[in-house]
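Each chain gets a letter, A, B, C, D and E, in the order it is written, and its residues are counted from 1.
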Amino acid sequence: MLSKETTIQQELCERFDCLKDKVKVQRVRRIFAQVPAVDLPEVFDYAVKKLNFCILGAITGLDEGPTLGLIYHLAQENGIVLNLATSVPKDKPVLRTVTSYFPAANAYEREVIDLLGFQIEGLPQGSRYPLTDDWPAGQYPLRKDWKADILDQKEAAKNA
Amino acid sequence: MIRPGKMILQVLQSLFQKPATTRYPFVKAPMPKGFRGKLRFTSERCIGCRACMRDCPAAAITIRKVGEKKFEAEIDLARCISCAQCVDSCPRDALEATPEFELAQLDPTKLKVVFHANLADVEDEPATKT
Amino acid sequence: MPERNFTIPIGPQHPALKEPESFNVTLQGEKIVGMNVRLGYNHRGIEKACEERTFVQDVYLIERVCGICSHSHSTCFVQAVEEIAGLEVPKRGLYIRTLVAELERVHSHLLWLGVAGHEIGFDTLLMYTWRDREVVMDLLALLTGNRVHYGMNTIGGVRRDITAEQIPQILAAVDTLEERTKYYAQVATQEMTIIKRLSGVGVLSHEDAKHLGAVGPTARASAVDRDVRRDDPYAAYGALSFNVVTDNHNDVYGRTLVRVGELMEAYKLIRQIVANLPGGPIAVKAPRKIPAGEALSRYEAPRGEDIHYVRANGTDKPERVKIRAPTLANVQVVAHMLKDRYLADLPIVIAAIDPCFSCTDRAIRVRSDVDAMPETMSWPALRAQSIDWYRQQGIDFTQLNRTFMKK
Amino acid sequence: MALLDRIVRWARIKSPWILHFNSGACNACDIEVIAALTPRFDLERFGVLLKGTPRHADVLVCTGPVTRQIKDRLVRIYEQMPEPKFVLAVGTCACSGGVFRGCYNVMDGIDSIIPVSAYIPGCPASPQAIIDGVVKLLAGIDHPETQAAAEESKPAPVEDRPAGKEAVEVTR
Amino acid sequence: MASALFYILIFPGFLFVSVFGLAAEYIDRKLCAKLQNRVGPPWFQPLADLVKLVAKETVMPVDADLTIFRLMPVVALTAAITALLYIPMWGPQALFSFQGDVIVVLYLLTIPTLTFFLGGWYSRSVFSMIGAARSITQLFAYEIPLFLSILAPALLANTWSLSEMTVFYGQHPRYGLFNFAGFWIALTALLGKLEKVPFDIPEAETEIVAGSFTEYSGRLLAFFRMTINIEMVVGASLLAAVFLPYGLHLGPLVGFVLYLLKVLLVVALLSLSRTVFARLRIDQMIDFCWKYVAPVAFAQLLADLMLKGLLG
């Protein structure tokens, strides 16, 4: 008999061509999948609506060098976690919001906007994130090439 | 039964009980054995490998070479988070955590503690201002 | 008459909040009509700092994401690292980790009970619960060497063993605490003024709790039966038996009951752990360089699910550490729960999610469907408005007043 | 007037009302401050009362490394307190930034923003350590030299506004 | 002339009442601490607080109306002290008395609340303003029951003078017991007047910081704190005089000691109640007052009227 994880893996692979060999079961209750950005909305919708991944645990943003990565950590009630990862080019990191599925995604998406410079389309109005109001534009602290001294230089320039 | 003043009995009992308050600071209350407070450094044991410095999450400890196989340690109490990782990292047990916790100071320069190498006994003195 | 509102700031320095966050509340009389949550006062940039430090240092840094669930965060982090490095933590290590986790839950829930008391002006409850909480604080200091930042976890296991003499001390403490918890359960369910302030306040329906993504006791009080300890077992939970406490009051009262219930379960768990403590080593040696890989770790902290995602790149520093603290999930439902409530309910409703912003800090504009016009109102206007407002509540004291004054 | 001076100093030492301010702490120091007020430690023995408004407070009890977002508030609160006032830095973070030193969003401890009268290291500072610090601070107040030093380091007076005023936000 | 000055400044005026007020605060705080199983403040604490506040800088908020802001604490204190002069302390006869002094005392006791309101309102801080609005709203809820419960015994005694009431109940001690319900009502109302838990809504720390007093500091705050202490003493004395008028005929010394004990008993009851309840919400408070407290007070009034009718 197949484990639940493997069933989900197979179902995803069969349903979406783009996911062939891209879904791996790392251990019990942990599935990782790499999804091309264009197919993400469809896969996401399928996972939430058909596969019953009804909990959005978190959204992780990553700096992967030439691209920015985003991982949606989705979970089922029974503890199985599906990590849907995607990559977008650094100069055009645009994605759709998932707040229509999960209102709580609001905070998680704002965070990747602020800390990594993602552009999330369709996010409801609101004030900014974890960073201060006077944070210099275009500074994304979680990018690898970003160093805190950039901030101090700006401050020094401002005070000078 | 739902009623107002449910705690009244308990509260009135306290009137005739000794308060739960400890007599500290008038009577010293030692922390339990194994409590991680101020560090102690034994210079004779140190081999200068600096594993403690490498692993310290707060950059609170500095080992200085002051002579042939002689090392002194400077611990910045204003930074040390009492995690005792340095104690775990030290291969020679030159460091240990003591339960001493009364570290408050009015003068921040007194928070830097230097354990000198030349003294036979473990002795600490406030660092002179650098 | 145009509706007149005025806005008061709750925080970042405010007696109801132990942490610096800011809730700007728009009021009509005593009623809350709009609210703007501005988080971020506590953002310290821990995730970035983690990437700049070694795995060994990160354990302590991550412990300090938050001072109340310190063990939660560090456990969640080391679990992820252990998974990446393929380390098998010895059983005794897992049991000790779980023991500290449950003791932490006890201290956190007792703390909450006291804070809740304080928020509704019942300082005696704060004094008594915190007095009794010292029992578990002493126990933690004895077992781990610190009252709050236990420093118990290390990659590959735990740092301190439990000795034979400590076991009777643990059991004695649990007995005392259990007896006291029973008493507080009685107080919480029988004291009229408490019930008046708690029940029907901060209502969150079952559907909303699921939809808005509430976690932990906040969700379980709305009958959402989720608990990572059971659904996605970690540490020693797979081998222990316990109940997931839920409640269907949907309000602050329900959240109180859930927390008290969880306290009782925690005592059961602690006794089980102590009785079945396996022998053997408490940790395995971890390499300094963690092989490349990624892992997601979940942990049921006292306030709800804590999630850590770690990616390693083969060096001694992580490539990325992501922390999702439970409060971030819960704070987003606060505005929903406060809709059309009273100003007086605000502290307890916020407190009821047991917020800890130290790892949450983001800003969310929660709700502003009312045109807020903050201004200094003239006092007759405010008086008139509050009288008007009380009349709508069915309390017309101006009338009564006039009658009596005439006599 | 020496007698009057002595009486006033006596009163000051015996009645330190505190205001607790979290400037980005991890909460642990904060709960230990509260714990120091509860029955086991009971700071009220020393006349300590916890106040909600800076106007009533004599001692500002600060925890945490001071985040960028909070630093202006910290200065404001400090300015709103009437003279004479003292600042107690509780915890390693408050003393120097502690484990967060070097993080991009924090300053390095309370004294990088406002003058501090006493430092209580510890992560977190245990309630006993806090009591110890309070007692040492009060002993310090007893010595006029310390007081003079505190007077000296006090910043120029700033225009005062009612608490909370500045935070009123216009939303339309 | 000299004796009048003595009365006003020393005994039972300013000096005595200040000391008594501080003592009452000490007893309140110490008892509260004891009930919460802790040690509590040392005996000189209220005095140290007072001296310290007086010696402290007094900050004037820029937006406040400074005249009112400064004036209110003084008015509050004066009103509270004046009220005490009409209350019998060492014998059935108060220092000053006339027909209608009950009403005067009750009104004098209302003045501090009004000053809290005005002072808070004109400090122009949002917290003070909400605190002020709550003070006045709450005033309407407890004032009527308080009036009714004090007037009921007065009706029975057929006089509007506190001293004469004391004389009457001294002669008919059993009638005093008849007003038992009134005593509890008055005690409840007094909790509201003194803004103590469960009715400390106007200064609810966790909601509106310190209510009306948020902006007050230094000397002005000291005045307000003294006012509250003295209000507590005067309120307790009033209750003692009206509901516990026993033993005053035993001579000034015994009478005076008994008076002190009675006041302290009332203070102790107040502290007890503030340790065992949670703070109500303003709407619940008003609800409670109109649904339960006022009707009972009214019933007491009717009962007293009926009793008087029966007696002829």
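As a convention for this text, contacts are C-beta pairs under 8 Å (C-beta built on N, C-alpha and C of every residue); 3 or more make two chains touch, one makes a residue touch a chain.
Note that the coordinates shown come from a computational prediction; the quantities given were computed from them, not determined experimentally.
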* Length of the shortest touching-chain route, chain C through to chain D -> 1
* Chain-contact steps, minimal, separating chain E from chain C -> 1
* Asked: Looking at every pair of chains, which has the largest contact count?
  -> C-D
* Centroid comparison with chain A (C-alpha atoms), farthest chain -> E
* CA centre of chain A versus CA centre of chain C: separation in Å? -> 25
* To do: Just give me the whole-number Å value for how far the CA centre of chain D lies from that of chain E.
  => 34
* Asked: How big is the gap, in whole Å, between where the Cα atoms of chain B centre and where those of chain E centre?
  -> 51
* Just curious, how far off is chain D from chain A if you go by their C-alpha centres, in Å? -> 41
* **For chain E, residues that touch 2 or more chains besides their own** => 33, 35-40, 124, 126-127, 205, 209, 275-277
* Structure fact -> Residues of chain C that touch at least two other chains are 7-9, 14-15, 36, 40, 43, 45, 48, 60-61, 64, 124-125, 127-128, 131, 134, 146, 149, 191, 193-194
* Asked: Which parts of chain D, given as residue numbers and ranges, touch two or more other chains?
  -> 38-40, 42, 45, 52, 69, 99, 102-105, 123, 126, 164, 168
* Give every residue of chain C touching chain A within the complex, in rising order. => 36, 38-40, 43, 45, 47-48, 51, 83, 210-213, 226, 228, 231-233, 294-296, 298, 305, 307, 309, 311, 319-320, 322, 324, 328-329, 331-332, 361-365
* Would you pull the chain D residues touching chain B in the complex into a rising list? => 39-42, 45, 92, 95-99, 101, 109, 111, 116-123, 126, 128-129, 131-133, 135-137, 140, 146
* Touch list for chain C against partner chain B, complex -> 53-54, 56-58, 60-61, 64, 124-125, 128, 131, 134, 138, 141-142, 145-146, 149, 151, 154, 159-160, 183, 186-187, 189-195
* Residue ranges of chain A in contact with chain C within the complex -> 26-27, 29-30, 32, 54-58, 60-63, 71, 73, 75, 77-79, 81, 83, 102-104, 106-108, 110-111, 115, 124-132, 141-142, 144, 148
* Asked: Where on chain C does chain D make contact in their complex?
  -> 7-9, 12-15, 18-20, 22, 24, 26, 34, 36, 40-46, 48-49, 52, 60-61, 64-68, 70, 111, 114, 126-128, 130-131, 133-134, 137, 146-149, 356, 358, 368, 371-374
